[in-house]
Amino acid sequence: MERKRSLKERLRDWDADAFDLTNEIAGPMHPAPAALPERPKDAEPEDALAAEDFRVLRRAYPILAALLGLMTVVFLLVAVFDLPPFGAAGTPTDNEVALRYVRDGMTETGAVNLVAGVILDYRAFDTLGESHVLFTALVAVLILLLKAEDPAIDDEGTLTLRQDRIVTTAASILVPIIVLFGLYVILNGHLGPGGGFSGGAIIGAGLILYAVAFGFSRLETKLNLGSFRIICLAALWFYSLSKCYSFFCGANGLHTVFSPGTPGRILSAGLILPLNAAVGIVVACTMYGLFSLFQRGKI
Amino acid sequence: MIAFFVNFPLFSIVLCLLCAVLCALLKGKAARIVSLSLCGVVAVLAFCVLVYGLQTGAATEYPMGHYPHPWGNELRFGIAEPLVALVFAVVMLLCLIGGKQQLDVDLEPGKRNLYYVMCDLVLVSLLALAYTNDVFTGYVFIEICTIASCGLLMIRQIGRTTLAATRYMIFSLIGSGLFLLGVILLYGVTGQLLMPSLKAAIAALWEGGQYRTALLSAMTLMTVGLAIKSGLFPFHLWMPDTYAYSTPASAGILSGLVSKGYSFLLIKLVFGVFGTDVFYGSGVSNVLYVFGALGIIVGSISAAREKDVFRMIAFSSAAQIGYLYFGIGLTPALGMLAAIFHLLTHAVTKPLLFLAAGQLGEAAGGRLRHTWRGAAHRNRTAGLMFSLGAFSMIGIPLTMGFVSKYRFALAAFERPTLLVVTLIVLAVSTVLNAMYFMRVIIGIYTPVPERRTRMTLREQRPFAVSSLLLALLNLSAGVAAQPLVLLLERGLSLL
Amino acid sequence: MEYFELLLLGLLVACGAATCLTKNLLSAVVIFMAYSLVMSILWAILRAPDLAVTEAAVGAGISSLLLFLTLKKLRDLRRKAQEDGTEKES
Amino acid sequence: MQGFWEQVWNVRIPIAAVLLFAVGFVTLLLHRNLLKKIIGLNIMDTAAYLMLTSFGYIEGRLSPIIQNGNTDPALYGNPLPAGLVLTGIVVSVSVTAVLLALTVRLYARYHSLNLDEIYAMAQKEHGLG
């Protein structure tokens, strides 16, 4: 009597087809069906089915879409007429939530620009998600447009602008001013209008103008894919960790290290200035990266 | 020690964000290890939060920052949220492990780590959607989820997936545009963004009869927006392309988790923002009920007509989403309980089906049903797992699908006026499910004389491990469903 | 002041409709850029200077720039396809 | 009739926002050209944000930046909608960038911007691939 095979062996045998039940079943009862006649072109019937669906859809689509569009317009207009009057003082949005932002905003967050106070201190979790939306978009465009690293492809996409004099002189004057203005908008985010997002976009536009005027070669040594990843890592990690620290302290009632400082001074408003700087860097790199990816498939 | 668990939702969200940014820097293999360990850690953290919720027995509101209720952002977690987060993390882990074989083939060598960046971002948005207590934060993380799941889709660089990604993106953005407009109208009328204060303001307005049309339209817009994004009946046309042509791991994550994240947010909105009496009193739930029923029937019929097995599974997923909204629209008590139970069932079963179908497709060498004849003999484990998943979809006893269908039947009795319609819809869809799934199972088990190489267990170890665990999850919940149902009942009461 | 606001609103709706009705893609993008700038001015009027700066820099600037770049990229691809096409035929 | 026009005047900016939302929504649905759809999407989002900003505006009050230390709430408008719209604009840009990248990839492969043609070509080419 052969020894009882262990479960492991029996499983392996079951899997490795030591015995194949189908042979017994198929064998005696009825001869195995002859191999199915291979259909000449198996793509054809399924294609007809989808094509026929598609044609019906194609004809019905514009009427359906116009109907849906009209319905939403009427539906929304009816809803809008019921809204509180525009510009009035006693509307529901002018409630205790907005009151505290305005009355205590400067003392609690230290930011003179209350909008910066709201997005970077009161409702900071939204903006934490926000800067990661931009990172997601950059990675998605990287997946799509990044070409494989082979030197054979020259910069086929570079602008064939004959580096003419007008653009280069204009750029040599404008780029420093744009980048300076962008830095001003970032660093004064908590004092005047602006902040990380708009300042970063302005600096990004400055970099793009530089790349258009003087070509990518000069920028490539410093701003390539490797340095991008490190910059994004540093800025976003700083952002996430500092915000995690302030959320943790806030939730457990601990006092954070950052003090709002005296409002109006550049180094005030606790964490808002460094956060604006970090967001500004990420936005500038993303904008330049998107431009370079669209332009020539590599950063 | 248990008291410290209250910080774990914040830690899990921030950890995911850190790992997502880190994975962009690492090489493919290291990024995979980081992502898999991240899913594991998030699962453990979610389990701890579940223990904390059970111990305190109440929903805790965790202020994100120094400012309480209507001023700062908040996270809210009772029992249902950590349970759903736990299931999401575990299923994502198993999907990534199970789909390894196809991932190695489909991903370009240079962009492998970018795939895992997208997986981490999908996970963080699912966690945020489960835990958030603020409507605008929900919108921001819906956008992250849209772009990241689109990234998961287009990683397989064949023309068909790029087209599917574009159509998926456009449909999703219509949905989030309507959701955004709903949030704005709600803010305009109540002045609040945090769910608890929104609920109080809406209840007061609903009694006072003020701004009623604006409230109704905001509620409809948000519901329709989320329904479009998770693929309810008239907006399920993007589903077959999206799920059929992507790698099985992505298809599992997209169909099993992403659409469930949106539906769970809708369930949170129904309980936490609109309030059951406003939502069910205003007739919006009947709209969901009708579209859910239509979705079940149309989804099942078009699945039966489909010859390509992957598209068939995608259409059956549209039918299952129809079930979800069918339950939500039925009744606030038992109907919602059946819907959230079905949410977990589908989150566990559908990835199992897609992974097994991926393996069977390779064993059979084709996508069409008739080319799959005898495929189960070439790949035994995949055949077994596929049939188990199919049994759960049909609702054979001992599987989780049976329990969820049973819960739907119970819920039907709670609403006697619609009893007959509900039972007919359930019966018809079960028959249709049985028809098109059994057709495939019979096909893959009919013996085909000619010998093909056989895929043994050792060659596909990652798939075997993950599908076995998914099957165990399914069967264990199917056999011992009562504790899970009680848990969900308590969770819903705390939502 | 209100009439200026009404003028801007009318201009906005006109730009929106014009962008969708023009056949030529380039003019659609140019009109969209004008739409963003008018929106930025309107936000300045609505006492939201942060938004005006951001919309001008990000909405009009980067979005339109990416649209122009895509148009240029599509033209390059079309020209490259024609060159390959002519090579194949000749 | 006088009440109607007075009411229209009271909610003039939300009405304009809804009209723009409808223009964007219909463009997104009706136009088959991908670039037109993307522009329609942008119009839809900015229209929604216009309505949100209009809820924060209060007649005769300054923008929410504290002038020389005077924190009297009756002086300044509501800062919350401005913060939300700031987040929204960046969302719109990133979504536009991803959609444009998808359009470039589709055009490189199918040499067409019309979604139906691309669908037909993909149908024929892949059939069951």
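Here the chain labels run A, B, C and D in written order, and each chain numbers its own residues starting at 1.
Rule of thumb we're sticking to: a residue touches a chain if its C-beta (ideal position, glycine included) is under 8 Å from a C-beta of that chain, and two chains touch if they have at least 3 such contacts.
These figures come from a predicted structure and were not determined experimentally.
Engineer: Please report the minimal path length, in steps, between subunit A and subunit C on the chain touch graph.
Structural biologist: Counted as steps through touching chains, the separation is 1.
Engineer: Between C-D and B-D, which chain pair is linked by more C-beta pairs in contact?
Structural biologist: C-D
Engineer: Just the number, please: Cα centre separation of subunit C and subunit D in whole Å.
Structural biologist: From the centre of subunit C to the centre of subunit D is 13 Å.
Engineer: How many angstrom lie between the CA centroids of subunit B and subunit D, rounded to a whole number?
Structural biologist: 28
Engineer: Report the inter-centroid distance (CA atoms only) between subunit A and subunit B in whole Å.
Structural biologist: Subunit A and subunit B have C-alpha centres separated by 22 Å.
Engineer: Please compute the C-alpha centroid of subunit A, do the same for subunit D, then give the distance between them in whole Å.
Structural biologist: Going by mean C-alpha positions, subunit A sits 17 Å from subunit D.
Engineer: Which residues does subunit A have that touch at least 2 chains other than itself?
Structural biologist: 42, 46, 76, 80-81, 83-84, 91, 93-94, 97-98, 101, 113, 115, 123, 126, 130, 133, 136-137, 140, 144, 193, 195, 197, 290, 294
Engineer: Mind pulling the subunit D residues that touch 2 or more other chains?
Structural biologist: 12-14, 19, 21, 24-26, 29, 54-57, 63-65, 80-82, 84, 86-87, 89-91, 93-95, 97-98, 100, 102-105, 119, 128
Engineer: Quick one: which residues in subunit C touch 2 or more of the other chains?
Structural biologist: In subunit C, residues 48-50, 54, 58, 62, 66, 69-70, 73 touch at least two other chains, as defined above.
Engineer: Quick check: in the complex, which residue numbers of subunit C touch subunit D?
Structural biologist: Result: residues 5-6, 9, 12-13, 16-17, 19-20, 25, 28-29, 32, 35-36, 39, 42-43, 46-51, 54-55, 58-59, 62-63, 66-67, 69-71, 73-74, 77-78, 81 of subunit C touch subunit D.
Engineer: Can you tell me which positions in subunit A touch subunit C when the two form their complex?
Structural biologist: Per the stated touch rule, the residues are 113, 115-116, 156-157, 185, 193-195, 197-198, 201-202, 204-205, 208, 287, 290-291, 294-295.
Engineer: Quick check: in the complex, which residue numbers of subunit D touch subunit B?
Structural biologist: Its residues touching subunit B are 14, 21, 24-25, 28-29, 34, 37, 41, 44-45, 48, 51-52, 55, 80-81, 84, 87-88, 91, 94-95, 98-99, 102-103, 105-106, 109-110, 115, 118-119, 122, 125-126, 128-129.
Engineer: Would you tell me which residues of subunit D are touching subunit C in their complex?
Structural biologist: 12-13, 16, 19-20, 23-24, 26-27, 31, 33, 35-36, 38-40, 42-43, 46-47, 49-50, 53-54, 56-57, 61-65, 77, 81-82, 85-86, 89-90, 92-93, 96-97, 100, 103-104, 107-108, 111, 113
Engineer: Can you check the complex and tell me which residues of subunit D touch subunit A?
Structural biologist: Spelled out, the residues of subunit D in touch with subunit A are 7, 10-15, 17-19, 21-22, 25-26, 29-30, 54-59, 63-66, 69, 71, 73, 76, 78-84, 86-87, 89-91, 93-95, 97-98, 100-102, 104-105, 116, 119-120, 123-124, 127-128.
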